[in-house]
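A, B, C and D are the chain letters, set down in written order, and residue numbers restart from 1 in every chain.
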Amino acid sequence: MTLAASVLDTGCLIVHGPDRPGIVAAVTALIARHEGNIVSLDQYSDDADGGAFFQRVVFHRPDFAAAIPELEADLDATLGAFGLEWRLTDQSTPKRMAVLASRSDHCLLELLWRHRRGELPVAIPMVISNHSTTAESVRSFGIPFFHVPSHGPDKTEAETALLRLLVGNVDFVVLARYMQILSDDFLERLGVPIINIHHSFLPAFIGAAPYRKAKERGVKLIGATSHYVTPELDEGPIIEQDVARVTHAMTAADLQARGAYVEREVLSRAVQWHAEDRVIRHGNHTIVF
Amino acid sequence: MTLAASVLDTGCLIVHGPDRPGIVAAVTALIARHEGNIVSLDQYSDDADGGAFFQRVVFHRPDFAAAIPELEADLDATLGAFGLEWRLTDQSTPKRMAVLASRSDHCLLELLWRHRRGELPVAIPMVISNHSTTAESVRSFGIPFFHVPSHGPDKTEAETALLRLLVGNVDFVVLARYMQILSDDFLERLGVPIINIHHSFLPAFIGAAPYRKAKERGVKLIGATSHYVTPELDEGPIIEQDVARVTHAMTAADLQARGAYVEREVLSRAVQWHAEDRVIRHGNHTIVF
Amino acid sequence: MTLAASVLDTGCLIVHGPDRPGIVAAVTALIARHEGNIVSLDQYSDDADGGAFFQRVVFHRPDFAAAIPELEADLDATLGAFGLEWRLTDQSTPKRMAVLASRSDHCLLELLWRHRRGELPVAIPMVISNHSTTAESVRSFGIPFFHVPSHGPDKTEAETALLRLLVGNVDFVVLARYMQILSDDFLERLGVPIINIHHSFLPAFIGAAPYRKAKERGVKLIGATSHYVTPELDEGPIIEQDVARVTHAMTAADLQARGAYVEREVLSRAVQWHAEDRVIRHGNHTIVF
Amino acid sequence: MTLAASVLDTGCLIVHGPDRPGIVAAVTALIARHEGNIVSLDQYSDDADGGAFFQRVVFHRPDFAAAIPELEADLDATLGAFGLEWRLTDQSTPKRMAVLASRSDHCLLELLWRHRRGELPVAIPMVISNHSTTAESVRSFGIPFFHVPSHGPDKTEAETALLRLLVGNVDFVVLARYMQILSDDFLERLGVPIINIHHSFLPAFIGAAPYRKAKERGVKLIGATSHYVTPELDEGPIIEQDVARVTHAMTAADLQARGAYVEREVLSRAVQWHAEDRVIRHGNHTIVF
């Protein structure tokens, strides 16, 4: 497949830290002296005068895997002098993504279907749901499905079961309309990024029932927001948002049906960008290259 | 001009009230028996079972002005039987619109320019600003400009001056980035609809400095909202909204510059729809036909 | 389900012909005297002075099916006097839709999935493909799949097999990226409307390989067009179109991958509108209510 | 003003030619050794294996103007070794732009108005029109207006008058709905880039009366395209395109009125990008950074 071929022997280097003259030159020289050929380069500084610097470089290097140790040693030495942090990934190694879902299947199936088309560079070791309704659909994609019910106000048991399945097995988790709030303790013990899709244009309509609230306020556009999960509900760094036009004639149920298409699109983009190391978190913001 | 020709001898009838079978037939029969030919007809019921009914009919009738008294008498009799309210306007009589502005000229000039192109079916007897910076631009369109300064926390004097200019002379008022909050007393004494443009996608970022707040929250779209003014700040019925895509690389000033184009577009649409009697207020909602 | 409930005892009346005063009144009076309650009404005249008139009325009438004969007799008498053509459908009877596909599954699966969600008011008695690759996916939706290969330049055998499956069993046919050109003879013998999705913004890039041509021309947007099939290739009446933004950095393969999402969205809308009797053909145009 | 401040002591380097490993490192090292601090960097290669390479680097360098000779000498030596072409511009020196217009004022006034807001980094030494209708509007912006009539089929006299005004005085020319076709001879003697706005989504509806053709074809979106002018009518490299949704109910005149807003937006973006050295021509394509 084209996509697979394009990531062979390809590295992605993320650099961030205090901006100083000469960083770009130092990074590109480093890649050049390790025989890398730059495929794409993005950089951003949030303030020309003493701001934070962010860079993403994708480069091709024959026999990349073998070169990693030398590259890493050089990066440590070179970027350490600038006080920068960095992260080097092998683009031919897909991130392992778990999907948590509930009854709704639109976001879940969209991710599985894009994955099958080769458009999401991830491995999907498991889908977990608190309902069993989508089990058959998921398994028809050849992906393991686990049912972890979540009854009553005490989520400890469910979260323990989730952690047993997830920890060590995944690099990030996607909440594809998973309608349960996860505890701070869960987030901490999971220890990998979680991407959520919220069914409104945040910060409008935080919390439950955003389509009903949208109908009540009489908005002319509805939206969806994909963001990283933090302990503050619906307050994490936003990765992507989009909207769709609605009219006075649409009921809250109509808004929900229309919004489903925005949700699946917004979540898919956010997941793809995260999987491709295009998203850098900085405080409560994201840099999306 | 084409637009002017199209509204000669043309009436617009707005009907609303409790939904009951037979309303559409009664209204269209009434128009037919007064020799009107229906040009467009929109109708909406917010609940098939006992909801509220809304209808807008535009019809052509030779010598329309002369027929108004008879039409009104018939409407009273016919629609009274259904318990409906109605409003009949002569489309060849443009509504009188005042524009209140401040230093920013983008919304103000867009309205004046669209008016000169014949795209806004209104008369503009005056523009009022609390700054004199746009006086020359406004007058180059052949429109009177009045400067009503607004100093200090006490707005009584300024509002009195505004009322003296406006009352009796205008059918509605547009706040084209007029950065002053109007008192409840002013709204009541003015007695005509006021349309505002808010520089965010409401209900996100209510109040002052929405672009700064948008930058802080890290949203990926910015927006603008045009709504009728009510005593509750930024809470009035929404007429129109739209958004534009932004990136992490844009400063709050960049958002403001980009947003200006959304504002002028959203406000222009809202003003045009209001001027064409396309907007019906219903509680805190609008029906836009 | 909500959708199903909303079409019980609901009729849809399509009227078109020469415009004359009084048509709307006559139609709405007719519906009223048969105890119908109008749910929605759209009308359009392409020229106020002697043009063509089009109307779509959806109305609720208890025990609708039993009332059809009387309604039809009245329609014949009433609308015949105006020289109008009309069509009355029972909204609780879904149209029977066949889908013809090829190797690509994105448009096909989108239609099946929306149908399963209850968003497409159709019955799908069969999917036919000239490849067997999607058989399993289709059957997992509980829908019959038939494989009709199409080898060599002579399509007579394949078209005969298609007609044997389709004629009498379907009300319209959707070409969901079916890459075969159908003969004039086939279109005539099939005798029901065919909806196609073309992977460009028509009339740009008619014929084969539109994404390659789009790349060569260097366009900044790609598009998709859904239209009724006529003997002239890609020249039939357009139902819906949409576009997506692309950049210089995207290859023709990237355009194709991105365009797939526009195609499935545009085709889905066109199919839904056709299924809901919202589309009226008029010469080489469509009125979409 | 913010914009003006941001371009002080700022250079923009455009590099293009055959792709080879090490170019980015060489360019960024060069900038670093001349004490430049990179503000933004974009690069693109149209084929990882032996394609063409394009780069745009904006950098800040105290006392930039004084450093230009040394920079240019180094660029010659360094990039010559790679077989690359380059262009270095001082961002504090705005390009000189002439606008050619006709009767329509929407594109013309939009450019003048954005320029006055400080959003277009250009100087506008003149507006030329073959009609005098916009003279007063143009001069109210403090910009010289010249009337060059264009009667009859022989354009030689008019083109000679245009060349006398333009040659030597401008860096590029914008056709803001200038409805005259310019001769090949004119293009050659002018010798600077010309940006046109065409009122359709090219390559659909090439040539005259695109809105009428769009109405006849029954499209559901109309568009506008800004492109560099070449001897082949409407075939030059596309810089930007956009579209707007239309309906069956709109006349060709309505399409034209709606399209005017797409035209002014698309042309403004194209002009801004050209003025900021973001557009690189490559054959009949553009790279837009």
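The working rule: a residue touches a chain if its C-beta (ideal position, glycine included) is under 8 Å from a C-beta of that chain, and two chains touch if they have at least 3 such contacts.
The structure displayed is predicted, hence computed values, not measured ones.
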Chain pair equivalent in interface to A-C, over half of contacts matched, among B-D, A-D or B-C: B-D
Furthest chain, CA centroid comparison against subunit C: D
Cα-centroid distance, subunit B relative to subunit C, in whole angstrom: 37
Computed distance of Cα centres, subunit B from subunit A, in Å: 42
Of all residues in subunit A, the ones touching two or more other chains: 44
Complex contacts: residues of subunit B adjacent to subunit D: 2, 106, 109, 113, 117, 119, 137, 140, 253, 257, 261, 265
Residues of subunit D that touch subunit A when the two form their complex: 21-22, 24-25, 28-29, 31-32, 35-45, 48, 60
For the subunit A and subunit B complex, residues of the former touching the latter: 44, 46, 201-205, 217-221, 223, 237-243, 247-249, 284-288
